[in-house]
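Presented sequentially are two complexes of chain A, the first with chain B as partner and the second with chain C.
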Partner chain A sequence: MTKTIDSARLHLPEHQFDFLAGSPVVVHCHHFNLFWDQTMDDALGEEVGRRIRTHAAHKASYKFLRGLVDEVGATSPVERLRLASTIFSAMGHGKLHLAVGRSGGLVRGEQLHYGFGWCEKYGGRLSRSEPADAFATGFSAAATEVAYNLDPGSRRATEERCVVDGSAGCSIRVSGAEAEPILPLGVDPESAREVLPPSFDGMHEDQIAPIVSGLREFLGGVAGDDRGVIEAFGVLVTAHLADYYNHAANDVLDIIAEEKPAGVQAFRALLLEAGTACAFHTFGGVLASPEWEGLVGAPTGDPLEIVIGCVALARALGFGRWAIEEFEPDTRLVMTSPGTYESVFSRLISANAAEGPGGIFVGAGIGIMQLAHGVGWQPRASIDSELYLGLARSNPWVVTQESSFAAGDVLDRIVVTRR
Partner chain B sequence: MRLAEGFARDVGCRADLLWRCDLVDGAQTAAWLELATAAGFSSVPGSSRLGVDVLEEPTSGHRIVAVLRTGRLQIRLDAMTPKTERVQQARELFERLRGLQTHSDRVPAEAR
Partner chain C sequence: MTNPEFAALVRTIEPLRACFIIEASSGALHREFRRGALTVEPDVVARAVAGLARAQTDIVGSSEPATLTTLEWPGVTVIVRSVSASALVVFFFDAEMSLGLARMHITNVVDQLDAHLPVAHPATVRAMPAVPPTADPVATHDVPEPVASPLPVASAARATDELPAVGGSRAGKLLEYLDGNAPDTHAALLRVSLQTGLPLSLLKTPERLSGEEFDQVTASVRRILGVEQLPL
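== the complex of A and B ==
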């Protein structure tokens, strides 16, 4: 290899997007990752959902790994497989032992993020027989193809064992059987720059900017440990391929739009819920963490302070340059962005851009208002599933997306008001 | 430089991995970290950021995140700790942290 992985990183400060080897990368925790996968399965059922998620991982990972081996100059199959395994762990997805030849082979997984995260979150309370590691599965197929210069989609991978059913470890079979060609499309820095409008400031930028700067400095030093696990802010964290989430949601949307058009709105509601859950658990969890207390101070409970913190977090995690256009405590929140990691994908890649999911930005509006007004931050906050469900049952907030970058508008804009 | 009595699951705790305790005097956090290091806890390289410092218990891999400005301590048990052992290991670690005392801590105030 002629270069290091670090040389493949790119940050677009104007729009708060991060790229690694030409693919957009965002930070999400295991709460959200499990919720997102469950959302896909809720829409189409476990079997189809798993197929879609694996396919999405395959497409996103092929584009990413192809870019990575080119970027760092990895030429031999051994080098490329080692690089794939290293980056997988560095991004907090666990450990993959890629014992694969040109025709395939067996991949052993340890502490794979989804399976391990599921056991941590639900193990002992729920039972599950369907394997959880669609991302690792699609990644393994792509790693094999890239290592041996094979066509994308020429290898197929299936998770044969997963810790969620009590197995001691995870194993993934890669083969050439029943493979189907794929188009490894995704967002890249050049196309993002071309399509994104100039950025703009919102309210309270003087308070948001230093928090973003501090968080980015912290996150810049975070990487998977020798087990491929990242623990930060008290949760299991991944640096994840944004194209994975977006391919999965768009592929589900395409199927629903074709087979059950009446179900599109219901799916959008599920994605909105995922956004609300992300804001509540991820943003809320970080706000209550020791790291936040050290950087900013423990939240006092002032609603404006919570909104500012959440917007700063969205930027630092690579979601896009969210901004506060208007905030009236207990009444109204207007957020804008020149584009989010979802809306840029929808605008550039999706066949159904007008219906583009955009769930995180929109749903987060409700989650942020719940954090600002429904959580008792002093003396100590309680950010847990019980509170989340309680707030969801009595939710007084409604969100409207007034502008959609994905649909061709000049920016993303949401308005959250009381019902 | 003592720990307060309170010891409970911390915010966001998943399956007994995160526990909270506090120094009685938050202004003493830096000195307490030195005390803990002298007692065998190792400072995690590169962890002193965002106003926090992180110590690791070498044999178990459990970590203690200390907020420098407030004295909040978060015990983060190693993620691989068996679920059935977590509460016990967290309590044992808390007791060990409570046992860290300077000479002045051990001498009654009226005798100083």
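== the complex of A and C ==
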């Protein structure tokens, strides 16, 4: 290899997007990731849902890994497989042992994020027989193809064992059987720059900007540990391919709009719920962390302070340049963004952008208001599932999306008010 | 279930060093599995754990069937799972084992053990006095008998739950049960709507569900709870 992985990073400061090897990367926790995948399966059933998710992972990962080997100059199959395994772990997805040849092979997984995360979150109270690691599965197929310069979609992967059913580890079979061609489309920096409108400032930029800067510096040093796991802020963290979420949600939406239109409303509502959970667990977890205290200071509980912190976090995590247009404590929050990682995908890639699934920006609006008004931050907040459930059940907030960049408007804009 | 069958069941869990089923009131060893040598004798562990369970019962005031007690010893994590008023299962895991995975294995094992646990004797259901287990003649002479599991459910606690006895239609009770047991319960009805394709407005008025729709909702509730049957 002629270059390091770091050389493949690109930050678009005007729009607060992060790219790695030409693919947009965002940071999400296991609460969000599990809920997101679960929603896909709820829509289509576990078997079809898993197939769609695996397919989405395959598409996103092929584009990503193809870009990565080119960027760093990895030429041999061994180099490329090692690179794929290294980046997978560095992004917090666990460890993949890619023992694959040109025709396929067996991939052993350890602490794979979804299976491991499911066990951590639900293992004590639910049973599950369907494998959980669709992302690792699609990633393994793509890694094989990229390593051996094969056509995208020429290899197929299936998770044969997963820790969620009590197995000691995970294993993924890669083969050439029943493969189907894929189009590894996704957002890239050039097309994002072309489609995005100029950025703009919101309120309290003088406070938000330095927090974003400090957070980015801190997060730049966060990577998977020896197990390929990032345990931070009370959650399991991943740096994830935004194209994965977007492909999966868009593909599922296309299917249910055709086959089960009555489910579309619930599907959108559940994606919004995923956004709310993300804001609560990830933003809240960071705000309550010692790292935040060292960087910004312990939250006093002032609602404006929480809203400012959350907007800064959204930017630092690669969600887009969210801004505060208006905030009236206990009453109203208006947030804008020239685009989010979801709406840019919808605008560029989706067949039916106006009806794109969305979710993160809209749902996070409610989560931010819950954090600002429903959490006791002093002496120290305990951001956990029990508190989240309590807040969710008595949620007084309602959100409206007034402008949608995906649908052709000039920006994304949401308004959160009391019911 | 014979002891070899029990050992075969738990042996597949690689980080598990040992596993015992203990009669809760007496500390009598019901089944045991060991992988290699243990630094303590199973009988000693059984008596100690039974004492721990009694202490917990004294504090809490009643048996809580699905409680977990975790003890960390050098190199080993011991988790005691109370699965009924009369039975405890003690798991010895390698210390490196994550607690989430351990809990998952425990759930799976307990599900399969359910039909083979020691049955509760009337004399042992009450809160136990704080005396050594061997001093309780009734419990000491209890012969564990198999008890039929009503449901192959995710947890032993849930297996003994029943739907609310009052209020609403059968469908309403079904959704109440979901509300009380689903993960992320605030989103459970939306999940039913998405899985079944039935509008949320209809699910909020469950008395309007047709027979076919009720069956759809029932299947969805089972799926969300990860169970094959519901205590209808």
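Here, the second predicted complex is superposed on the first by the 418 of 419 C-alpha atoms of A that agree within 3 Å, B and C clash if a C-alpha of one lies under 4 Å from a C-alpha of the other, contacts with A are read in each partner's own complex, and residues count from 1 in each chain.
Here is the rule we use: contacts are C-beta pairs under 8 Å (C-beta built on N, C-alpha and C of every residue); 3 or more make two chains touch, one makes a residue touch a chain.
Keep in mind that this is a model prediction, so the values were computed, not measured.
By the touch criterion stated above, A:Phe319 is placed in contact with neither chain B nor chain C.
Within the superposed three-chain model, A:Glu273 lies in touch with chain C and out of touch with chain B [touch as defined at top]. When the two complexes are overlaid on their common chain A, residue A:Leu389 makes contact with chain C while staying clear of chain B. Judged by the touch definition given at the top, the superposed model places A:Tyr244 against neither chain B nor chain C.
Once chain A of one complex is fitted onto chain A of the other, the partner contacts of A:Glu291 are limited to chain B, with no touch recorded for chain C. Once chain A of one complex is fitted onto chain A of the other, the partner contacts of A:Glu120 extend to both chain B and chain C. When both complexes are aligned on chain A by C-alpha atoms, chain A residues 116, 120-121, 123-124 touch chain B in the first and chain C in the second.
If you check the complex, the residues on chain A that touch chain B are 111, 116, 120-121, 123-124, 214-215, 217-218, 221, 227, 229, 231, 233-236, 285, 288-295, 297-298, 380-384. In the complex of the two chains, the chain B residues touching chain A come out as 10-15, 17-18, 46, 49-52, 65-70, 72, 74, 76, 79-80, 83.
Within the complex formed with chain A, the chain C residues making contact are 12-15, 68, 98, 100-101, 103-108, 111, 154-155, 183-187, 190-191, 193-200, 225-227. Chain A meets chain C in the complex at residues 35, 38-39, 42-43, 116, 119-128, 163-166, 168, 260, 262-263, 265-267, 269-270, 273, 277, 389, 392-393, 395.
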